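Some structures are shown below for you to check.
Each of the next two complexes has subunit A plus one more chain, namely subunit B in the first and subunit C in the second.
Coming up: the complex of A and B.
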């Protein structure tokens, strides 16, 4: 079980990523999933299973969470490095996560 | 004139070209009544004074120095020069020229040459005031000082060219051009002297700079005075007074290079931030969606299918690749999603007609189709659309200049009754016949935008009175005169339903139109009267005073309405201050600082919804105004300040407000 200030993100091929909550809540979708008031299973178990993402994509998403958190108040931010072959899949996921 | 051929040393091919050139020239010049030269290439003296001048000049030139002469005046004959000269003749209308001017032009004697000679002439005029030269009095004193230096070093060649100029001035109307150039160069040289210009600005020709020695020659270093061999890498001295030797040059090389690199880097960084600002980004981290869309757009040529990414994302990708000019037949296919109802192709210029036709075959369910820059679309395609796109209700055609009137008529007959939105721009084939067919058939139109139609006139405007359901009407930049009377007729019949009215660049409209808007358009929310210069201050004022029928405008475009004044601004804000979201006051030059400040202090509080304001080219605007505006308008996102010199980098606005177009961001 992860600590309370982190959350476990699970891909559809059962890879688990432990991510700091402050970073994961960059996505409004994840934020609302983890909202205690909503009493979702995700919020209780502190674990979110994404059926629509495999490990490769989810890893990139986690990377983006940290990238966004790191540069939140910065200016002239360098673009994150994304392999072109992942772009379309990531785009769909980004829509899902509202990021 | 026999010597003429021998000095130029032309080969036989050139001579034949010369002959054909002369023949064409003959044809051209018979209009101007200028002396002809006979086919042999040897001019025959026909007693015209111009030609005598020409002859005399050549003879005298021979007497002076044959070699320099053939260098400067009689350069080797080039067919290219002839071609450009003929082009010139075909393009512009030229008055009668002296034979000499004609000849010099055919030789490709450039403006630099002329400037140099003009300078010399000025110098001579200053030194010997008795020379008849009407421009000498206007020349600045600096030239006179310079003249002393140049006259002492007069070479035979200089004397000859000077004489040539003097003769040219006698010869005819071309004098005017020469003398104006003299005056302007005189001014320039004065500036150069004042600034103590170090001759490193390569493109400016400096008459006082020392001639640059050719690599391989011996020169003396400007700093240490040592003797050294000039190479291509020799550097200029800091004062611009000569070249430096290797040791002196190498001393500063490193720092100079580093400085230059730094300057380039700073410039590049500023450029990229300026670009970001234009794209509406605040420089923070981009969203994952944005990153992915940019990436997909970058590799669009390698994408086989976009898949289920959603129409919004598809549209964004389409916009990006259209902007990068990579939207072609192949990439267009990615956006054709069978079953979808909306399609925007933002740039059809690289898409062939049959590819455009295939849109209707692949996506027959379309309700909204927008084709911008569709110059390739033709009658066959439009007929096919009419047949296949059975649910089309919204149609935008940008630049369909191949589509004929008859085809528009057929199209409107079939599709017209179900069309609710029609946007037609940039074509010369739409005239009153087409508009009349449009009005007859498209009775359900709620949105009609007609812009940049070359044959759009009052008659077309009057026809629009028949469209009773209109809510959005745009008549902008008509090719013919559109007068107030016709527009008032339209407003009287359809004005009561209008929510948006765009009369941009209808430059003939007068205050009566504003009165008609005031009287007939109670539901109006969006108004654009860009570039309507005839609207007066009083007319603009009366539009908003006592306009209780109208609940307030949300978007207003008054850009380049030159009579828009402080009072007008106040009355606009009294009326619509609470509802305004977008306000464009670009180039409203009559607004004063006091007026702007008053509008911020007194009326600013009411502009709660304002998101976007354009204050471009209002010179009075400064940091204080924008700061005050940002403080009072909580929703403000964008302030455009192109061409506002008083805006500085120090302007203190919240991060949510983007200031676009500051000089400080670009320079």
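Coming up: the complex of A and C.
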């Protein structure tokens, strides 16, 4: 697959999120998954299936990616809205993705 | 909450969330299978996410340690296979078997070596790539398990495994083979072969990427610990041998060029073949072996060493010498000493070449009469000029070398100055010669030269002047020569004279030149005075003074000289050389004397007949000629006015009539009767003038010019032995006064001072003018004590006290 600026993230319930690569590679895990040198299936297909995330969580993750990219160098950043019921699961995912 | 600052601290609660027990074996099998696939380069079939998730789960379930160990095991197994299957067959046999058969052809060696390196490089790159992938997959383990337990990450560990199982493989000696092969290849390149830089470079990269321990300490790169030392040793050996060979085979220039080339080679080698880390070290090795150990020998090489380069203006070679030496010795001691030694040698040669003919001339001088004395003296003048010219040429040459080859090095310049000072001052007559040189240039040399050229010549003279320590001696000579120039109207350009004095003033200060300037002032005042005197005479004429009308025929131009400014003694004016002037002249003289004394009371006027000139009108067989002669010659010629044609006067007669001192008389008669302009005839005809000779007016004298200048023989000349002795005595006397003055100045200020301090202060004050002799200072101090200017402090023998 040709180099593109975006990557497809797929949740375990098969929702697809098209995310800009520059935002998604905030996560070192995703970054190395897409590393063309090691040429894993994900890098080839430009698509990552996350078996441990459902759509709700993955959406929040994508939201964070953009949030992070937007405020990367800014000061006085507004807090991101995190629903309490998702907090724990998000924490785990954050650990998983190392973000 | 998920923002960056929280990174790495938040952990999911381990308990309760994922309760299902994880079967390690099951997960590991999957992982191991995949890792093997990675090794086999089949990664594209694998899902990173799956592997990552598996590792993640294992770590999460506290299987991190086991996972770590298993991965290690897996890598080790793989590397073993690689070592046996891939690398071993290509290890050059000679290395493995202990290097017995090293005589294999270079082509074979090169091919064998480079295929070994190629393979090793490929293996290494494989390993790096796989480890990179594994590291990515096992990132979670590295991040959580390794960080928590403070053990090196899997990547680092696996690099260590590569080191231990491939390079340091106990069975196959791969590391040693690698070293040997690389060294071999480098040696081949040094010998002129062509090798594959890129491969060696990547193998070196490999060595650089590996560390002795898992802590990855910079100074413990495998490259540094196991390769570099050997490389440097081998290089030192190689270059020591090479230096020996070159010393035996090449001349200095070739040696230097080769050494320089080697340095460049090693520099580029360390950049594109080995590691930049080695660059300073290998440079040091080459510098030591090729330059530091041998440069002296090279510079001393007969027929091509430093001396040859200097003598033959080998600017490029010299530049090379300089650059190479600067590498090993920022002080450049050897270069300096050798350069200066050569410089002094050349200087002494110049001194010698000048001294020997003069010495010869001086011995002949004793035997012959005065005429050859004068000739010797004028040839000595030429010698003086030759000397200065040679010195200036030498200086120009070395300046050129210095600026073009020695990068205008300050230290060397200082050393060169010292060398010049040394040999110039070794030569006793240098101040005299220098002054003669300037004299000559101001007299005739500057004709037709532009102002800039004049300036250049004078500047050169000044630079040499700077080297002279006995500046007072120079001053004495300069004064003498200057006075001659001024009085005889020999100086071409007053501007040039003024310039020269200005330069001297810049160099040594006002005190030095005040007298010289005084001389100029005297000249100007005299001119005005002459004009005024003339006016006064005319005035008197107009008043109808009968006695003055007789005087009118003669014009007088007088230079009144302040005796302290002018070097009277060396002008031979001491003791008031005078003569019996003919009546007309005598009247005029008295006129002026009374005129002058009338204007300035309390002054004494001494007439120096030996310095003046006179214009005469004479008739030779009806042809009118104008003669320009010295005052004495005028007096002599006027004697013949009273002699009927055909009659003659003897030497004795002339002496009685004129009462000119015999030496002067001889000199003047010589110029009148022996030189080209023979206004007098002498009997017998010979070159010398003897007291028994008889002179008569030469009526048959002819010349194509109307105006004839009868040259005084050797008006400006180098001194003979006696004169020089006189000068030296005079100089010593003056120095004595100056030392006394300095002592008094210092003591007046300091009141009490120890002997050593006093001496050093005196030297400090006077070194601009000359180098005071310590014994002389002591004598002067003693004399001052006698005259009660200073006294010894009681009880302290070496301390003086000033007496107001």
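Annotations for the structure displayed:
The rule we apply is simple: the second predicted complex is superposed on the first by the 96 of 99 C-alpha atoms of A that agree within 3 Å, B and C clash if a C-alpha of one lies under 4 Å from a C-alpha of the other, contacts with A are read in each partner's own complex, and residues count from 1 in each chain.
Basically, a residue touches a chain if its C-beta (ideal position, glycine included) is under 8 Å from a C-beta of that chain, and two chains touch if they have at least 3 such contacts.
All values reported here derive from a predicted model rather than from experimental measurement.
Taking subunit B and subunit C in turn and counting the residues of subunit A each one touches, the greater count comes from C. When the shared chain is aligned, subunit B and subunit C each come close enough to touch A:99. Look at A:42: by the touch rule set out above, it reaches subunit C but stays clear of subunit B.
In the superposed model, A:50 lies in contact with subunit C only, and not with subunit B. In the superposition on chain A, A:75 makes contact with subunit B only, not with subunit C.
When the two complexes are overlaid on their common chain A, residue A:87 makes contact with subunit B and with subunit C alike. Residues 64, 68, 77, 80, 82, 87-88, 90-92, 94-95, 99 of subunit A lie in contact with subunit B in one complex and with subunit C in the other. Considering their complex, residues 1-4, 7, 10-13, 17, 38, 43-50, 52-53, 56, 129, 132-133, 136, 139-140, 143-144 of subunit C touch subunit A.
Against subunit C, the residues of subunit A that register as touching in their complex are 28-29, 32-33, 35, 37-44, 48-52, 64, 68, 77, 80, 82, 87-88, 90-92, 94-96, 98-99. Those residues of subunit A that touch subunit B in the complex are listed here as 61, 64, 67-68, 71-77, 79-80, 82, 84, 87-88, 90-95, 97, 99.
The part of subunit B that touches subunit A in the complex is made up of residues 269, 273, 282-289, 291-296, 298-299, 302-303, 306-310, 313.
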